[in-house]
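Common to both upcoming complexes is chain A, partnered first by chain B, then by chain C.
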Partner chain A sequence: MGNRCAVIGVGQTHYTTRRRDVSMAGLVREAALRALEDAGLTFADIDAVVVGKAPDLFEGVMMPEAYLADALGAAGKPMTRVHTAGSVGGSTALVGASLIQGGVHDRVLVVAYEKQSESNATWALTTHLPFTSSLVVGAGGYFAPHIREYMRRSGAPGHIGTLVAVKDRLNALKNPYAHLRIPGIDRAMVESTPMLWEPIRYLETCPSSDGACAIVLSSERAVTGTPAWVHGGAMRSEPIFRAGRDTVSPQAGTDCAADVYRQAGVTDPRRDLDVAEVYVPFSWYEPMWLENLGFCGVNEGWKLTEAGATALDGDIPWNASGGVLSSNPIGASGLIRFAEAALQVRGMAGDHQVEGAGKALGHAYGGGAQFFAMWIVGAEKP
Partner chain B sequence: MRPVAVAAFAQTTHTGHDTGLSEPELILPVIRAVREQSGLTEFGFTCSGSCDYLAGAPFSFVSALDALGAWPPIQESHVEMDAAFALYEAWVRLQHGDVDSALVYGFGKSSMGDLREIMTLQLDPYYLAPLGLDQLSYAGLQGCAVSSTTADIARRSWESAQTNPYALKLPEPVETAPITDGAAAIVLVAGDLLRERTNLAYINGIAHRIDPHYPGMRDLARSASAAAAATAAGVGEGPVDVAELHVQFAHEETILAEALGLSVDTVINPSGGPLAANPVMATGLIRIGEAAARVMDGTATRAVAHATSGPCLQHNLVAVLSRES
Partner chain C sequence: MPSEPHPEINHVLEFPGGYTRSTGPVIGRFLTELRAGRIVGVRTAGRRVLVPPLEYDPATGEPVTDEFVEVGPAGTVREWTWVEEPRKNHPLDRPFAWALIRLDGADTALVHAVDAPVKAMRTGLRVWPRWRHDRVGSITDLECFVPEVTTIVANVRTEYTVTPGAALARYLDALTREVFLAGRCPSCESVYVPYRLSCPQCGSVIEEELEVGPSGTVTTFAINNLPDPRAPQVPFVSAYILLDGADTPIIALLGSVAAGEVTVGMRVRAVFEGGTVKWFAPEREA
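Moving on to the complex of A and B:
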């Protein structure tokens, strides 16, 4: 994985339904300036800028890096726009880290965003007319059958999704940036909300958010402040239409995890990691990814959730920040996972800090559960 | 930096109209061709460039993975940029030292929509796009800022294209790159894979820079970012036999030749350049492929390739290629 790389700054906007007070450029600049402030740097200290977001149709701006160059202080520098579907936030961090690991630059600004209020993401995701007919509405329509298949295979009881929805929103109450902060959230409240895509109820889905997240990445010689060291990073992709592909537990996810664990020296993720920020846009993806990522055996994921192992006070907290279920500016959601993992090992996660977190996983997935990006960051140098 | 070379390059026979092929069908033959040329069937890293707005639907790159036959799952990424920038990402990835090969591809069917108006959507959505400038209009603004013998550039490009079997068969010279459907792919190799091969075009330098977005913030008669990228890539460190430039409008050649410091001895766009075939999102990658092809066939000792993105040459990538590492 080349030269050492560290996260030395993290900046987030508050995630919310509509940021009417800022343009897209204003939104990304807000996150970038906070990340630079955290690192004690200015735009002048940055060598290159990497921008990530989900489909351009979400805001109606094609290849927006051209327009965002000025707001992100990129003029005169290299600028890159990454797009790998829902995993893009994670991929963007990895592309930024690659510039440092490859010895090309010393400091890279990575920014990911979505301003979902500019359009309707559900319909922008309801592909593909006129080329192919679509039988699903939105991402939930696509993923619900995979969840039902997981329930059939594992025999998981129906309330597991509800437990995840409550747990992540309780964590969000401790995160000032979270979009959904619902006082009094409990199982009864979740179960009282409408069924959208069987078995996914309204409060078991992620919100549509406006927001941006930025990180400053540094080579070893250019580190300022409190670094979170990158111990490993990996991407994997698999074809959406391959016959025999397991959409419940995709091999790309398993392979990606194996790669990043090997780089970071992780042999038992539940034991070796202290906290994980995992892309869970629908509640049931927590038990599904627990298994896919090897935190437990096949068909055992729901038991960890039910036993409270993934709660903030459990032995392996998942999504201490509230996760994608609490904030979802789609293109940024992966980078938020990566950034929250860094905040944890820097000891800077505030009220949702996992005490003494030394190693953390950041995870993102996208497309038809076919694109995966992961990294492991640690308080100690690798 | 770790030596990296182009080992294979393929492009479609480009068309000025929709031939009914889907994007995966478009890229399948060029992927197959670079696999055969390179002798590699799997790659340490894969990166592509495409644009959803050409197809008018999100995730145009997703189904491309089916054309790759990406199984078992591959290490892969995508830029919503010309694939030349995907090649840059792959070159960076090869610098890590743990993988020795990369597949890069780009594709676009600009016949599917109104490209000139679609390109308006890459302007600042608050202050520029509402003015309604289409691609021809803002290119025209830049054309007015530079004194250029555009008719000569167009004629030379058209004449050069007569010997390029992949270019469009245009009846007469044009000063505006034609609407084109097409795809291209390149294989990069490093490490032990270099030693196993003799016919390679080494990437001696590669860099890109972006300018401010607003045309009013720039001197449109010059390209500061192209000049900075050329300096960073080391263009001036030796003579340039051939330059393949991403010229979508004839006057851009004048601006770029000056920015890159090219001499009158440099042959510009011997392939005919984008004025002969402009499969958007692959056009820049094809410049690198064409430059590499000149190095590999011995007609150039040292060649330069250029790719651009954004309105009025806002973002520029420059690469230097030769037979020596």
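Moving on to the complex of A and C:
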């Protein structure tokens, strides 16, 4: 895995429907300055910048990395843009970490963002390309059939998705950066909302958010403040249409988890990890990823959710921050998972802190559940 | 017997040529500055800046000083009221707001029109003057105030010519004959539809062509309650269909069946129209 790497700064904007007061450059700079402040550093202390966001067509800004270089203090420094659809935030962190682990740089600023109020993700994901008749309407339209297949296979009762939708929004009430903060959220409220892409209800989907997240990564010798040490990182991808592909539990996800667990010495993730921030944009993906990531056996994920194991007071809290279901600036969503994992092991997660969290998983997926990025961070050096 | 009502008449009272008014030195300076494209206030003995200027300080009755202060050009809306139906003499011919605007550097507010959507109007709104091109020294040299520029519209469009590749062209040609063309991987023996030239799993070159379908089985589906131009109504069902003989499902619209009646495992058959697949329908009806 190379040299040791640590997260020494985390910065987030308050996720919200519209940040009309700032440009995209202003948005990313806000997160970057907060991360630098957390690390006690300035742009002058940064060797390189890595930026990630979802497809250019979302906001229609082509090559945003060129536009954002000044705002991120990257003039005269290496600047890289990462693009792996929804998993991009996670991949961006891992590309940044690799620059430290490979000994290339001592301090790397990693930033990811989306300004969904200036974007139309459903349109951008549903462009009618010539010569195809593929009928997918937005991300929900793509993932709904796979959720239906999970429900059929596992025999999960219909309310499991509702439980996740409520649990993550209750957690969001403890996170000042979360977008959806719904007082009184409960099952009845979720179940009263309409089906958008049956079996996905309105309140079982993520919101559209404006926001940016930034982290400062450091080599061991350049650490300032409170570090979260990277114990492992992995990415995997797979073709979207290959014969025998399991779209409910993709091989790429299982392989990626096995790789990151091996690096971090994790043999039983439910026991060995203290908290997980996992990319759950539609509520049913919690039980699906519980299985894909090996927190339980096949078709058992919904039982953990139902038993409250993933709640903030459960034995393995998932998405203590409120997760993607509560804040979704798409390009940043993966990095937020990675950053929240780091905040937990640094003991800096505030009201949604899991007491004594020593090891945390950050997870992101993207495309048609084809791209996976994960890391495990710890309070102790690896 | 009541008498006939008197007919309505129109009466105009207008002083020929308009009255002449002397502005005095204070108001005159204000109007002269407006003509030059500037807004000034006058300072009182108590150091307040009155905009528009007055000759006598309303707080004390004392004459104001002879110190004029340039203010604005931007200001902040303090209070406002909405005019839904402008009258003939109003400064704008579309709905607008009358607002009390405190110009930057002033201690009092100026009444003027704000040209903005009602949704944008709020106390605290920052506004800038829109000047008339030909100014005469009148308060209407300021046509109105408008909000700050906070958003722009960026039109993004790309247009290009594209032709299907060799494999896709063969597949599309076959569809016009109402045939689904597939390819079998020589290594892993998986059958791919649409027909393609290499296996996405093992990378082997695909040479063997075969026909699959036109019937198949629904493996899973979504009931979409959001409209889509390609679907005839809402809700519509987009389904993964494993064509008979194929190893990869295709995503397609289901027709001739109510959304609530679709089941996993349902047998469906392609319905062709205009040389391509219109949708899939339950086999019993196809």
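In this text, the second predicted complex is superposed on the first by the 378 of 382 C-alpha atoms of A that agree within 3 Å, B and C clash if a C-alpha of one lies under 4 Å from a C-alpha of the other, contacts with A are read in each partner's own complex, and residues count from 1 in each chain.
By definition in this document, contacts are C-beta pairs under 8 Å (C-beta built on N, C-alpha and C of every residue); 3 or more make two chains touch, one makes a residue touch a chain.
Everything numeric in this text was worked out from a predicted model, so none of it was measured.
By the document's definition of touching, neither partner reaches A:119: not chain B, not chain C. Contacts of A:98 after superposition on the shared chain: chain B is touched, whereas chain C is not. When the shared chain is aligned, chain B and chain C each come close enough to touch A:241. Applying the stated contact rule after C-alpha superposition, one finds that A:82 touches chain B and leaves chain C untouched. After overlaying the two complexes on the shared chain, residue contacts for A:60 are found with chain B and with chain C alike. Looking at the shared chain after the overlay, A:224 reaches neither chain B nor chain C. Touched residues of chain A were counted for both chain B and chain C, and B has more of them.
Once the two complexes are laid over each other on the shared chain, residue contacts for A:197 go to chain C alone; chain B is not touched. When the two complexes are overlaid on their common chain A, residue A:299 makes contact with neither chain B nor chain C. Judged by the touch definition given at the top, the superposed model places A:20 against chain C, while chain B stays out of reach.
Shared contact residues of chain A with chain B and chain C: 60, 62, 128, 131, 239, 241-242.
Residue ranges on chain A touching chain C, taken from their complex, read 20-21, 60, 62, 122, 126, 128, 130-131, 133-138, 140-141, 144-146, 148-149, 152, 194-198, 239, 241-244. Every residue of chain B that touches chain A in the complex is listed here, in rising order: 1, 22, 46, 51-53, 55, 57-59, 61-63, 65-66, 68-81, 85, 88-89, 92-98, 118-119, 121-126, 128-129, 207-214, 217, 224-225, 228, 309-311, 314-315. Interface residues of chain A, counted against chain B in their complex, comprise 1-2, 23-25, 54-57, 59-70, 74-85, 91, 94-95, 98-99, 101-104, 124-125, 127-128, 131, 234-242, 250-252, 255-256, 367-368, 370-371. Considering their complex, residues 150-151, 154, 156, 162, 164, 168, 172, 185, 188, 190-192, 199-201, 219-226, 228, 230-231, 235, 238-240, 247-248, 250-253, 259, 264, 276-277 of chain C touch chain A.
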